[in-house]
Structures are given as structure tokens and as C-alpha cells.
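So, here's a batch of structures to check.
Two complexes are shown next, each including subunit A; its partner changes from subunit B in the first to subunit C in the second.
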Partner chain A sequence: MEKMKLKLLYTDLKSDIDIIEKELENALNSSSHLINDASLHLLQAGGKRIRPVFVLISAKFGNYDIDNIKNIAVPLELIHMASLVHDDVIDDSDLRRGRRTVKAQWNNRVAMYTGDFIFARALEYVTAIENKRVHQILAKTMVEICNGEVIQIEDKFRVDQNLKDYFRRIKRKTALLIESSCELGAVASGLDEKNIRHLRRYGYFVGMSYQIVDDILDFTASDKELGKPAGSDLLHGNITLPIFYLKDHPIIKQFIEKASTGKVVEEDRLAMLKVVRNSEAIKQSIALSNQYLRKALKEVEALPNHQMKKKLRDIALFIGKRKF
Partner chain B sequence: MNATYIQQAIEEFKNNISLHVRHRTLARYTGLPVSDESQLFYLLLPFLNGEQWDGQLEESAITVGIVHASLNEHDKIDEKNATSKEQQLTVLAGDFYSGRYYEILARLGNIPLIRQLSEGIAIRCEHQIKIYESTHYTLEEWYQSISVKHTELIKRFYQVYQFEHYTTFMHTNLLLLQLQKELQQLQNGKPSNLFMKMGESVSNDEKLLELKVLEEINSLRRLLNEYLQSSTFLKDELKLYIQQQLV
Partner chain C sequence: MEKMKLKLLYTDLKSDIDIIEKELENALNSSSHLINDASLHLLQAGGKRIRPVFVLISAKFGNYDIDNIKNIAVPLELIHMASLVHDDVIDDSDLRRGRRTVKAQWNNRVAMYTGDFIFARALEYVTAIENKRVHQILAKTMVEICNGEVIQIEDKFRVDQNLKDYFRRIKRKTALLIESSCELGAVASGLDEKNIRHLRRYGYFVGMSYQIVDDILDFTASDKELGKPAGSDLLHGNITLPIFYLKDHPIIKQFIEKASTGKVVEEDRLAMLKVVRNSEAIKQSIALSNQYLRKALKEVEALPNHQMKKKLRDIALFIGKRKF
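Let's turn to the complex of A and B:
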């Protein structure tokens, strides 16, 4: 339902998104039937394709040419897909979006090779673009995403971390790739520096809000909506925004302690969820997400008049209100 | 130039690879990047043989070493259980090295090598994943997969810099060395997953597999000696070094 609502937001981009979808299929085509099966498994799981959409919309502000822009939009989605395949190995996740993960369906090694294959295809694809700056932005993003994941592992179950640590983490985990999607779309379509900056900052703010909402939903959405047990983030030791407001709550403290030793039972999870859901932490987190969205909307205002401005606003508002 | 000089060049090259992917946390949990010295030798072979070589080419060669190190990290991941912090960071070490090779080549603006290496990585993954497929492959097909794993990226590097005349040596020698290593593991009762899968090609007859692989090794050895004897462009010291490595 949510995905449909999002898709309605960019119906006028549908023909180009269909091209991207087709290109994703082509890019994942392999001589190995196992890689084909794993890739098809991933493609069928769908996804919001939010990164390619940001590339397309940003490019619309410049000299838009889908044959050129697809060479940015497709690799960005592939990089996102590949990192999810590897993340599932790291998090030992058996389910994603309600479907079995590659590592659960086959094994960790198959997931590693599939992820590496997709990463490689992403880079192969982007070499159709000769602009050195494009590659530098994308490469820096890939390295920083990894750094973010390393930090995330280091920060697991660390209760003495502060909000700055959290923001640093979600910036690299999510905001950077959305920021780069907007920036790269703008750069590849030859937009001027001032507007590239506005779009990049828009992407960053939206990305931060997107991850905060994701972190809220991990507590507030149902297991069915999430396609995995609610509260999984904290169960895996990831201290997300709502928990910063509840770190001193005895039930939360106890839950983190138990989770760090792998002793959580279903009753503990439900008790933890009840505390978070009934607390002010959710409202406070939403307020922070909205602050980022306001900043994003300010960047949109600074852009030249274009019908895509409305789209950027609508997507930002959708992100703030999405239910899962 | 003697064996010591060559060995020192390889060691320095290995250190340079490590320096280019230095990361405090990853180093603490996953150690230094894993490099195969025979592969490093072949990356340096054009330089050692006196081909035109500059800083940019050296850095490009380093990125090939980084890609190998990246994929080697992912080969360390346990099929069933990667939940330890060390394993989790090993996944990320591979991804980080992969990002770093791209970052270096992007800075150099070396798009052709990015293209060649990414094509090579994709092909390598397709071959490595074969051991998890139910398809029946012949021994020759398995030899090809071993060869792709160990030579494809170096072959791509040679292509970009017109060093293709070294491909035959590299290809024959690296396959030979790898088969020797695998055979030794088999004889020590610790065959790799790949060799266990290869066993299916000879109805899981371990003795027959050993015999067939030995035949292949001898054939490759003869071939390599022929190439070395007939080569007019490779320095004698390098020919000697290659022969010494076989012993």
C-alpha cells in the first residue's frame, strides 16, 4: 500500500522508471544460474527504488537524457541491493521485506558472491560515464557507507554513546547514498554548482529523516508490516533514536543487557515494545525527523522554478508520514 | 636482479597494498589484507622485465592487488555462521577494500581499468559460485574456474596496459601453482570445498582425482618450461625465478 502511494507520486516518471527496472534486470543477468536465481529473488522482492527516483528527479533540473542518466540511476540501486545482501549476512537476517534473504535461501558464501557480483555490475555499468567527478563521488560514498557499517558494529550494545554518534551513523548508513543520488543526477545532467549543492543537501536531509522514520517504524509497525519481528534493531544491539530518549528506563536497560548476551525471550521483546510505543520517545523522534524535513523543504525552495520542485516536496512529506 | 631483489620488490608491493587500505578497526579484527605472492609477482612482472612503468601504473597495479585482497576476505566467510564480530568485520573489510580500489582508480580517472576489473570480478564470482550449483561440471571446466579465480584480474590489467605477451606465462604458472597447492591439501587429508566438489567429476574417486590432477600439473609444467625456453623477451633472471618457484 505504502509502496503504491509512493509510486503514485512519480507516475509521470513511470516510463523512465520502467526503463530503469528493465536495465536492472539486464545488469543482473548472469551466465551462472545460481546468481540469476539469487538476483531474481532480489528483484522480485521489489523495493521503493527511491534512489533511482532521486537521480531522475534531480537530473530533470538540468539537461535530462534518460540514456545518460540511467547509467547513474541503475548502479545506485545495484549498490543498495548488494549492500543489503551483505548486510543480511552481517545481521544474520533470514527475512527481508517478508521474503527469505539470499543467505537464508542458500548460504552466506552464495550471498557474498552474489553481493560482489552485483557491486561489480554496478561499477561496470557506471563506467559508461566518463566524468571523473561522478566516479569520485560514488567511490567516496561506497567507502563511507562501509565506514558507517564498521562504526555500527563497534557501537552495538554501547549504551554510553550520544546522539552525535547516532547521527554520524545514520548519515553514512542511509543519508549518504540518497545525498549522492541527488548530487549525481544533478552533476550528470550538467547542473550549475549552486543547484547541485541544494539538491545534494536536500538528499542529505531527506536521507536523515528517512532513516529516523525507519528506526521509529522498527518499533511502531507490526511484525507483518515489517516482514521481520518489530524491535529487531535493538535486539541486534543497534541503539536507535527512540532508545536515546529511553536509555535510563529499567525495562529498556534490562532488555539491552539481555540482548547483548542473547538471552531475550519473546516476553521481553513485547515488554520492550510496549514501553517504547507508549512513551514520548516516538513523538520526540518524529519531531526530529520533521526538523530534517523542514530543512529539506528549504533547499527545495532555493531551487529554480520547475515542476519537479513539487515532486521533491511531496516525496519529502511522504517520507515523513510513511507507515512502513 | 636476483631472487632476493624480486622478493623484496614483492614485499614492498604487498606493503603498499596494505597502506592503501589501512583501517584501524578492520586491521584490529581482520588483520592485514591477504595477498598471494605469486599473483603479486605477475602484477610486477612487466616492471621487473623493464617495461615502461610509472607511478600511475604502479598505483593501478596496486588496485588489482586490492581487488584480490577484497575477494580473499569474502572467501573467509563461513557458509553457515558469520555471526562473530570478526566475521562481520571480514564482510565489511572486503567491501571496504572494494570501495578503496574504486576510489583510487576514480582519482586517477582510470575508467578503462575500472571497467575491466569490474567485468573480471563479475566473471570470477560466476565461477566461484559454481561449487554451490547442482550442475555437473567436467574436470576441464573446474580447471577453468580455478584459472579464472587466480588469473582473470591480472589478465584484465595486462589488457589495459598492452602487456598481453605475459598472459601465457601468468596463466600457465598460476594455474599450475594453485593445482599443486590444492593437491597437497588433498594429500594431507584436508581438501578444499572446491576439490571436494571436483571429486564429483570423477565419481568421488579420490585416487583418480589425484592422478588426473597430477597429469594436469605435469602437462602444465612441460608447457611452462617450453614457454620459458622459447621466450625471447623475458629476462633470464626472471625465467630462473619462475622455475625456482615451481620447485
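Let's turn to the complex of A and C:
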């Protein structure tokens, strides 16, 4: 449903997104039945394909050529898919958007290798691109994403962390890949440095907002909307934005302590959710997300006149308002 | 000790290998303490650095430039290191060459992410190379290695597999990366197609022999020499060459059955080792390894006169004779 709404935002890109979807299918074809099954499972789960969309839209500002651009959009989405498969191992998650994760459907090892395989496939696509800068941006992004995941492990259940730690994590977890999607679309279509920079920064700000909203929804959306129990982030020790405003609340403190030793029962989860949902923390978090969105919109303003500017604005606004 | 002997084979490459060792240290530097600790743990474990050596030697046949060649040797070794860290998760191995594995010292998740990080670092090095063919060979190698690891999971404890399955596995597990090391050294130093092919094939044959000897040693070397219990491969369900000659032996059949349900006791392991060690299977496996070595030596013969030809021969002979 929500995915549908987002898709309405880019109906005129549909034929090119279909090309990318087809390419993703090809990319995930393996000689191993196990990998094929796991990959099919991932493809069927769908996804908003928001990274490819950012690549396409950014590229529209320059010399748009789908045959060239797809070689950037496909590996970016593959890197995203691979990192999700590995994330579910890190977070021990059995469900993602209502579907069983690869780790749950098979096991941690299969998830590790399916992720590796998808990473490797991403690389294969990248080799088709004859642009050193593109390679460098992609490699740097991958290094930082991997780095970020380890920082995420290190920060788990750490109540003495500060907001800077949180921003560092969501930057690497989400913002970087969206930033790179916008930047790479712009670079590959031959945009000038000034506009590459605007699109890159737009991607970064939108990415930060996107993850903040995701982190809010993990508390405010229903289990059904999330396709997994609400509050899963905190249950797994991920201290997200709303919690920074509530770290001294006795029920939250107790919940984190119990979660860190795996002693949370359903009653605890519901009590924790009630505290977060009824607190000012949600509003404060939304305000912060909106700050990022405003910065993103400023970057859009600075871009030259183009029909895609409206699209960039609409997507930013959609991200700020989405309900799940 | 054994590592020392191999190093004697390439003393004249020592200063360049030191450069690569230094680069590996730099490459594994991360902003995460956890990754730094795990990487240091890996570096301290050392290794024969045989892949970089093959790159260097192959490059010597062309226009040798260490500043160029190191950008190929370093990522190849990094890919190898990353795959070892992930292998230990797959095989649930606590020891490798007498040292605790990352998975054992920390846990599966840290091992997964340390491996991912090292893979990503490998990529970063690759971007410094402006040669599309190099990128394509490296990416293809990585895809096949990942593919191979999944096939290895699928083939575990599968007694109905044939020798073709085994060769397919060891090709992807070991031979491909050595093949690519030789090929890439040759490509990057501007060798002609004929000699690239000889070096590539040399690498493939040596790689196949190398893994067969490894698989033999897993049965014939002592626990101390291996730095882990002898027979670990079969204990983890990896059906290696000697076992193909013994699949109908009642003790072996029973051992595989017990191993597949985790019911092996020390007595079973010793009984299994006795059967394998006293069988013809070891001799038959050595004969097969020697066939590959002869093919490798033939490729060396076809190369133009060069002092490095002796080195390629010596390494091939060393691999055939090594005791652990």
C-alpha cells in the first residue's frame, strides 16, 4: 500500500525501473540452488527500489542513458540487498516487512554467503563502468557501510552513547548509500561539480531523515504495518533517536537492561512502547527529521530548472510523512 | 618452520613482499576498535602470502613495477583473508593453524563483518587500477568464490557426490584465486596473451594440487602440525579426495553418519584416521596431485627463458612435497 504510493511518485520512470528489476533478476542467478532460492525469496519481497530511483532521477539532470545508468543503479540496489541480508544476522531478525528473513528461512551461514554472493555480483556490474571516480565512490561506500555495521554491534545496549554516535551510525547504515546513489547518477551522466554536490548533499539529508523516520516508525507503527513486532530495534539493543530523549526514564532503563540479558517478556515490550508513544520523544524526533528534510529541499532549490526537481521534493516530503 | 622453507624460495622478492605486508597493515586499519582487533589478530597469524608471491613472480615476466603490482597483490591477499574468516563461520572452526579464529575469539557476527570489511577494503585497492580487464577478472573470481562456498555447504555430508563435485569445489575454493593471481600479475605487467595463458593455467594447476595436498594433510599430519584436530574436514562434513576412495568402507560410512548428527566421539575420530592413513587412498590422492603438478610444470616449460621459471618450478615442487 505505502509502497504503491511511493511508486505513484515515479510512474514516468516505470519502464526504466522495470529494466532494472529485470537486471536484478539476472544478477541474482547463480549455479547454486540454495543461492537461487534465497535470492528469489529476496526478490519476491520486493522493496521500494529507492536507491535505483535516486540514481535515475539524478541522472536525468545530465546526459541520461539508461544503458549506462543501469550499471550503477543495479549494483547500488544489490549492495543494499546484501547489507539487509547481513543485517538480519547481526540483529538476529526473523522477520522483515512481514516476510521471513534468509537467516530465519535457512540459517546464519546461508545468509552470510547469500549476502557475499550478492556483494560479489554488485562488483561484477561495477566492472562494466569505465569511470574511475564511480569505482572509488562505490568502494568507499561499501567500506563505510561495513565499518558502520561493526560500529552498530559495538554500540548495542550502550546507554552511555551520545547523539553523535547515533548520527554516525545512521549515516553509514542508510544515508551514505542514498548519498552515493544521487552522486553516482549525477557523476555518470556528466553533471558539473556544483550540481553533483547539490544532488549528493540532497541524498545525504534525505537519507538521514529516512532513517530517523524508520527509527520512529519502529515504535509508532503497528506490528502488522511493520511486519515484525514494534520496538524490535530497542529489543535488539539498537538505541535509536527517540530513546535518546528517554534514557533516564525508569521503564526505558529497565527495558534496556532486561533486553541486554534477553529477559524481556511481552508485558515489558508493551509497557516500553506505551512510554515511547506517549512521550515528547516522538515529536522531537520528527522535528529533527524535518530539519534534515528542509536542508534537502534547499539543495533541490539550488539545482537548475528541471521537471525532476518536483520529483526530488515530492520524494523528500513523502519520506517525512510516510506512516510505515 | 614449513613457512620458513617456502620463504627461502623467494628471498629475492623479500623487499617487495615487505611492501605488501606493510600495505596489508594499512588496509586493515579501521575506525572500529573491534575490526582493528580482529584484523590485527589475523595479521599476526601471518600466512604464506602465496597469492601475492604468484602475482609478483608472474609480473616479473613483463614490465615489473611494484607500485603498480602491489595494487593487485594486496586485494588478492585481502580477498583470501576475508574468505578464510567467513570459511571459519561456515565450518564452525575454532582453530586455524593453531590460532583461535575470529569467529571463536569473538563470534560469528563479528567474523561476518570483519570479512565484509576486508572484502570492501580489497575493493578500495582495486579502484586504484585503471585496467578494465583486471577489474573483470577480480570480480568474476569473487563471484565464483562466493558461489563455491555455498556449493560447499550444499555438498556437506552428501555421500552420493562424485569426483566432479569435489573438483568443482576445490577449483572455486582455492585454484581460482591462485589462477587469478598469476593471470593478473601477467596482465598488469603487459604480457602477451600466450604467456598470460601459460601463467594462468600454471596457477590453476598448482592451485588444484595445493588444495588436494591440503586435503590429504588434514588426515595425515599431526594435530600439532595442523594446529587443529586431524580429520577436521570430514568431521565438518567436507568430503575430500581421500574419502572418495573409501566411501564404501564401513568405518568411514559410519563416521560420516555420526558426524552429520554431531555424535562423533574422540574414539571414532582416531578409528577413522587410522583407516584413512593405512589405506591406498592417500597414495592415490598424491598421484592425482602429482598429475596436476606435471601439468603446471608443462606450462612453465612453455614460458620464455627467465630466471623466474626456476622459481615457478620450485614452488610447484614445494607444494607437492610439503608436509603441513
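In this text, the second predicted complex is superposed on the first by the 324 of 324 C-alpha atoms of A that agree within 3 Å, B and C clash if a C-alpha of one lies under 4 Å from a C-alpha of the other, contacts with A are read in each partner's own complex, and residues count from 1 in each chain.
Going forward, a contact is a pair of C-beta atoms (placed from the backbone, for glycine too) under 8 Å apart; a residue touches a chain by one contact, two chains touch by 3 or more.
All values reported here derive from a predicted model rather than from experimental measurement.
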item: Subunit C versus subunit B on the shared subunit A, clash or fit after superposition; value: clash
item: Touched partner set for A:R109, first subunit B, second subunit C, both or neither; value: both
item: A:K140 touches, of subunit B and subunit C: first, second, both or neither?; value: both
item: Subunit B versus subunit C as contact partner of A:L9, first or second or both or neither; value: neither
item: Which superposed partner A:I251 touches (first subunit B, second subunit C, both, neither); value: neither
item: Part of subunit C, among the options 221-229, 257-265 or 293-301, whose backbone runs into subunit B after overlay; value: 293-301
item: Subunit B and subunit C footprints on subunit A, overlapping residues; value: 30-35, 86, 89-90, 108-110, 112-114, 116-117, 119-121, 123-124, 127, 130, 132, 135-136, 138-140, 142-143, 145-147, 149-150, 153-154
item: For the subunit B and subunit A complex, residues of the former touching the latter; value: 23, 25-26, 71, 74, 77-83, 85, 88-89, 91-92, 94-96, 98-100, 102-103, 105-107, 109, 111-112, 114-115, 117-119, 121-122, 125-126, 128-130, 132-133, 135
item: Contact set on subunit C toward subunit A in their complex; value: 30-35, 86, 89-90, 108-110, 112-117, 119-121, 123-124, 126-127, 130, 132, 135-136, 138-140, 142-143, 145-147, 149-151, 153-154
item: Subunit A residues within the subunit B interface of the complex; value: 30-35, 83, 86, 89-90, 92, 106-110, 112-114, 116-117, 119-124, 127, 130, 132, 135-136, 138-140, 142-143, 145-147, 149-150, 153-154
